[in-house]
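Submitted below is the structure of interest, expressed as structure tokens.
Here the chain labels run A, B, C and D in written order, and each chain numbers its own residues starting at 1.
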Amino acid sequence: MDFELPKYIEDYRKKIREFAVLEFTDERRRYYDEHEKFPMEEMKKALSLKLVDFDDPWKLMVAIEELFRVDPGMGNSIISYSFGSEILKMYGSDFQKKKYLDPVLRGEKIMGLGVTEPVAGSDVAGIASRLSKNPKGGWILNGSKIFITNGMVADFFLILAKNDPPLSKKSHQNMTLSIVEPTMPGFSRVKMYGKLGVRATDTAQLNFDDIHIPDENVVGEPGKGFYYVMTFFDISRVYISAQSVGIAQGALDSLINRASADPDIASSESIQFAVAELSTRVDAARLLTYRAASLLFDFKPDPVYTSMAKYYSADTAVYATDVALRFLGLPASVTSLERLYRDAKIMEIWEGSSEVEKLVIYRTMMKKIGDKDGRGA
Amino acid sequence: MDFELPKYIEDYRKKIREFAVLEFTDERRRYYDEHEKFPMEEMKKALSLKLVDFDDPWKLMVAIEELFRVDPGMGNSIISYSFGSEILKMYGSDFQKKKYLDPVLRGEKIMGLGVTEPVAGSDVAGIASRLSKNPKGGWILNGSKIFITNGMVADFFLILAKNDPPLSKKSHQNMTLSIVEPTMPGFSRVKMYGKLGVRATDTAQLNFDDIHIPDENVVGEPGKGFYYVMTFFDISRVYISAQSVGIAQGALDSLINRASADPDIASSESIQFAVAELSTRVDAARLLTYRAASLLFDFKPDPVYTSMAKYYSADTAVYATDVALRFLGLPASVTSLERLYRDAKIMEIWEGSSEVEKLVIYRTMMKKIGDKDGRGA
Amino acid sequence: MDEEHKILESMVSDFVQREVSPVSKAIETQGIPQELLSKMARQGLIGATVPQDLGGSDLDRLGYVILLKQIAMESPSLAFLILMENSYVMRVLEKAESGNDIIKKIAAGSETGTVTIPTMLGIAGMGSLEAKAGRISGTIYGILNPSARIHVVCISPDSFYVVDGGYKVSSFLEQLGFRGMKFSSVSYDFDVASSIHVEHRAKDLLEDSAIGIAAIAIGISYGALNRAISYSGERKAFGHYLREFQPVAFTLASHYMDLDITNEYLMSLASGPKDAFHENFIKAKALDLAISISRSAIQIHGGYGYFVDFGVERFYRDAMFLKNISGDHMRDMERLSDLIFGETVKRI
Amino acid sequence: MDEEHKILESMVSDFVQREVSPVSKAIETQGIPQELLSKMARQGLIGATVPQDLGGSDLDRLGYVILLKQIAMESPSLAFLILMENSYVMRVLEKAESGNDIIKKIAAGSETGTVTIPTMLGIAGMGSLEAKAGRISGTIYGILNPSARIHVVCISPDSFYVVDGGYKVSSFLEQLGFRGMKFSSVSYDFDVASSIHVEHRAKDLLEDSAIGIAAIAIGISYGALNRAISYSGERKAFGHYLREFQPVAFTLASHYMDLDITNEYLMSLASGPKDAFHENFIKAKALDLAISISRSAIQIHGGYGYFVDFGVERFYRDAMFLKNISGDHMRDMERLSDLIFGETVKRI
């Protein structure tokens, strides 16, 4: 067993942290949060510096952790321009890779992924968007999506819809992903204002009214969209888990900084215990996350370990910001800590709520329990 | 990073588990618990099978985990016959190794370690036992120890006492470890009955009334006993942490077994969530434990990581038995689960209470925080 | 609390200090002494809720709660025996033709009673009873106080038999809590015609006992917390009394608050008419509190807390056992949700 | 609750539904509308605790608690303004020579008031005031409702000045909660001789406000829980209403119980005379509950809960902000422990 990251990753961590501390100034963090604005300038800067290395998943994970540790809203905007790109990498055609994926990877375009709908949150199989064969060729898309990250800034989206008429009686085998551009007739979008946190992240509702989708924009095989999305979630949930670890560490940082600066605070055993308890939980969350990551990056993702990491880390993020804010009190109610407190809550909700993670853990685990000798048997 | 144990260890885990399941029958577990008796027979059997490999620390750790998973009281008695031997290994003289350590390692003798006293629990520096120079040569020991594991069955003890007159003004530099045999005049012991759990473990109070200790029985340097004991705790706390992981896993096992056997139970989402939450916590505790172990076994013990593991795993053991017992209810109130519930509580107390662990975490961490780039800075 | 109940509280508290406290640890290993039962009977404390002419004290709900709480602070085992006899056994006997004669004996402390709690709670997997050819027979696992002469046997949700003989204690089980009473498997085999049959809804008995269960849980909590508070002011570590350390003080203070709030709610419910809805709340809450406070109480006592001699560890065992012997966790939560939302929580 | 208070509750509840509920979300971004303040003033709801001849309702403790709770269920921001004016500003003005004139204006809703909470709570690191050459000056960070005309300035634990003018709002800060009011740094610079000076113990004001703080926390809890309960009966996932899932139902049921128990305690304390000791308990407990219930309420609403439109997320923010603006966590715990154990918890 080996619990240490290689030195080059730890060096990279320092670099990312320097960037975050330098670029995410108090003023900017407050500005983007208050105005609910996408930090396009900082994103471009990070791109131009080639700061985030999407080719090394460990680096990406550490980058996420360190960016979220300082500011989740800005951090997310910087790394999420390629949100969903793994799907195109795995299942996209050459045409799609060339036209859509490559510009994203070069940092020239922003993409988004549309799964969630007004009546179907964590229940992906319950979506209502419809993709129908166009008798004149291609397909017709109708429906809408909500809570879509990069909704207003993305140059194209991967949209999950149900086939109509159905390709299969099983709804899991009747969903298709297609690429939709905002310039296509029938497309409209509305920015969703008023988030509790991660307000620098761009969020929108998308509407599709008889959009014509050319055949070449259908991703992979029709009917397999649900599986593509689930495979993607197995990947993205590891990164969400790293987001949560970053937030929790950020909250712990405030408590430690305060104890370091103020002897009156440091002399309180109650604070000392809080620091000890939080450090332990943050480390536990980090270890669960790294374990899930280590399997995923080795192409052996384990949904049980991934869901454990995401659920536990999200809970830790909320818990850590809560404890830190209680102890730091009123002076902290206008600082980055109060922002972290608001940001943290989304971790339990997006890309599979904690409730869904728990069901995944239970069901997948119980399936495995044929093997009586293993742990958990 | 690598989160998997080598295959030979996992194979060994299976062997140990087989032994525990086979030897720790319901009947025996109940018998030793009810009668508060040391399972000498099973211990001898484990010894004769050379089941526990004290030379491979990973194997020892996994053995502890698997034995405690089935029965902490019996498990502890089987592995604790050499309790404290690391001290002799590190600091004992050749004479001491030959006369005392070797027979223990061969499984012929049982040893114990006496630190805790009636008025000094976690506060080791507060002990009252006194070791004085005997004008006629050697030393004189007076005082008493409580909660001493193997107290009635051990063939000798390492006893921590304060030097009188003091060797140093600092009480930490004024403690000495010496080897005491029950046959020495002035030694007496009384079995301590009535433990809440781990009742197959032998516990006693030891009394020293003007015991003559020959010079050759003083371990290492006089005045350094406190440091020897603390160094030992850095080791033993990792194993205690593994004990807790074993107990927590045992509790989780009961819940899973019940859900596997009873469709009415399995259909409850509440149970499903409990299984998911417990599995996650048990895994988090296990990862914290393995990380601390991996550093320790690589001769780089980190007191922060060790204390995190011990505190968190102990809390998890209590939490897991609590949740499982609530769900399994009255029928479980006479089974091994109720025993685990009683056993678990000692994990938060022995070899450094959870409160002491938290102080260690905080203090050691804050000392490290010169390095501003590292995590926690 | 009115004057009358204050007097009762002080009387019971004195009695408990004088008579129960000195033997409370012995009760755990040797059972409840006959002498203590006789003394309690003379004060009318055993037949707490039965009429005075049957040897009881005819206590109202509040009085009953006060009694159970005070006893549980020293001996949860004894408190549960009183509850079992008053809330289950004698409630069934009240409805039986010659029940009063038996009630008198129990209230006099010359006999004790028990009830088949597993069947009354409807807990699966603890045995069952079968009626066949005019006899009822079967084995029930987990009868508390099996050596009682009077067994109230619940054979269906609304049907009980009172059995005096006709049962065999087959094996003792070492149980988690209430060790002042034995716990065992009991085999029943009795003639229907010659046994007393009573129709009574088990559900009503359980509902009515909720405040009593809560009272015992609150008593356990006070018993554990009071000991932890005194110990924290006597024991030193690192040169200071435990109570001087913030984490100890804050933990104790927080328990103290929770307990005060929960106790107030119990007392206010007990002072009013039956309110099954809210009595469910107090039962659930008080049980949780007892488990959590008794855990802290052991922790504050350190190694000593782990030993029976310090009289703290039994609260930890009794709290969880009380939870499990007074209901099924999941079923209780389902019922609570149903009551609150007015609809059934489904298994999905 | 007696008839009189029931009538009050129903009156306030009607008013809140009719007048506050429709604007409660707008309050968060645009502030409390003058029109609403005027309407409340006409009903005597602003000067809740001041005499009727000054335009108030002269509510007793229970009435005040009922009022704050009902308002907080819809608009915690508004409830806190009422508390700040009644429990701090007007309490100081009562003692001032020409204070009644100002009280009348506030009760009439034509002026609002604020108080320098950071100095009143004695929170370090939020600025301080200095007296020099007959003037008092300095900057305080974190004044809620800074645009109020009347500023009650606490310059020491037992000394206040009432300032009308003589302050400058220097910069607005986006704060965690109570966004219906602005929050900012305020620079004070006023002449001692021409300002109203009042001696009053800040400690007394804080103690007396504890049940009011608790009432707002309980109101927040009910506001959040009621929304979660209705949503869970409207929203479906995987073909079932959320409420049909055990974990959702059990979480809601458990909150419902906790809230009922805590609310009962509050109501019972508010019905009696001042009891500073126990009022500390209810404040601490109610705040914890508000934080925990509002977290669950967001979770049950899923993604929607994260957006201001659904009116749930603000309870989460307001609950924590209320905790922080009503005291210092550690100092409060220290005081509680001191009260309970009768001795001082040391820093060791």
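In this text, contacts are C-beta pairs under 8 Å (C-beta built on N, C-alpha and C of every residue); 3 or more make two chains touch, one makes a residue touch a chain.
No experiment lies behind these values; they were computed from the predicted model shown.
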**OP:** Between A-C and B-C, name the chain pair that shares the greater number of C-beta pairs in contact.
**Re:** B-C
Subject >> Chain whose Cα centroid lies at the greatest distance from that of subunit D >> reply: B
**OP:** Would you kindly tell me how far, in whole Å, the mean C-alpha position of subunit D lies from that of subunit B?
**Re:** 51
Original post:
Distance from the CA centroid of subunit B to that of subunit C, rounded to the nearest Å?
Top reply: 36
Subject >> Geometric centre distance via CA averages, subunit D-subunit C, whole Å >> reply: 42
Original post:
Hey, what residues on subunit B touch two or more of the other chains?
Top reply: 268-270, 273, 355, 358
Subject >> Per-residue overlap in subunit D, given as positions that touch at least 2 other chains >> reply: 238, 245-247, 250, 333, 347-348
Subject >> Touching residues on subunit A, where the partner in the complex is subunit D >> reply: 30, 33-34, 116, 119-123, 125-126, 146-147, 192-197, 262, 264, 267-271, 318, 322, 325-327, 329-334, 338, 341-342, 345-346, 348-350, 353-355, 358
Original post:
Considering the complex alone, what residue numbers of subunit A touch subunit B?
Top reply: 1-5, 14, 17, 249, 252-253, 256, 259-260, 266, 269, 272-273, 275-277, 279-281, 283-285, 287-288, 290-291, 294-295, 304-305, 307-308, 311-312, 355, 357-359, 361-363, 365-366, 369, 373, 375-377
Original post:
What does subunit D use to touch subunit B in their complex?
Top reply: 245-247, 250
**OP:** Name, in rising order, each residue of subunit D that touches subunit A in their complex.
**Re:** 117-118, 121, 123-126, 141-142, 173-177, 183, 236-239, 245, 247-248, 291, 295, 298-299, 302-303, 305-309, 313, 316-317, 320-321, 323-325, 328-330, 333, 347-348
Original post:
Can you list the residues on subunit D that touch subunit C in the complex?
Top reply: 229, 233, 238, 240, 243-246, 249-250, 252-254, 256-258, 260-262, 264-265, 268, 278, 281-282, 284-285, 333-334, 336-337, 340-341, 343, 345-348
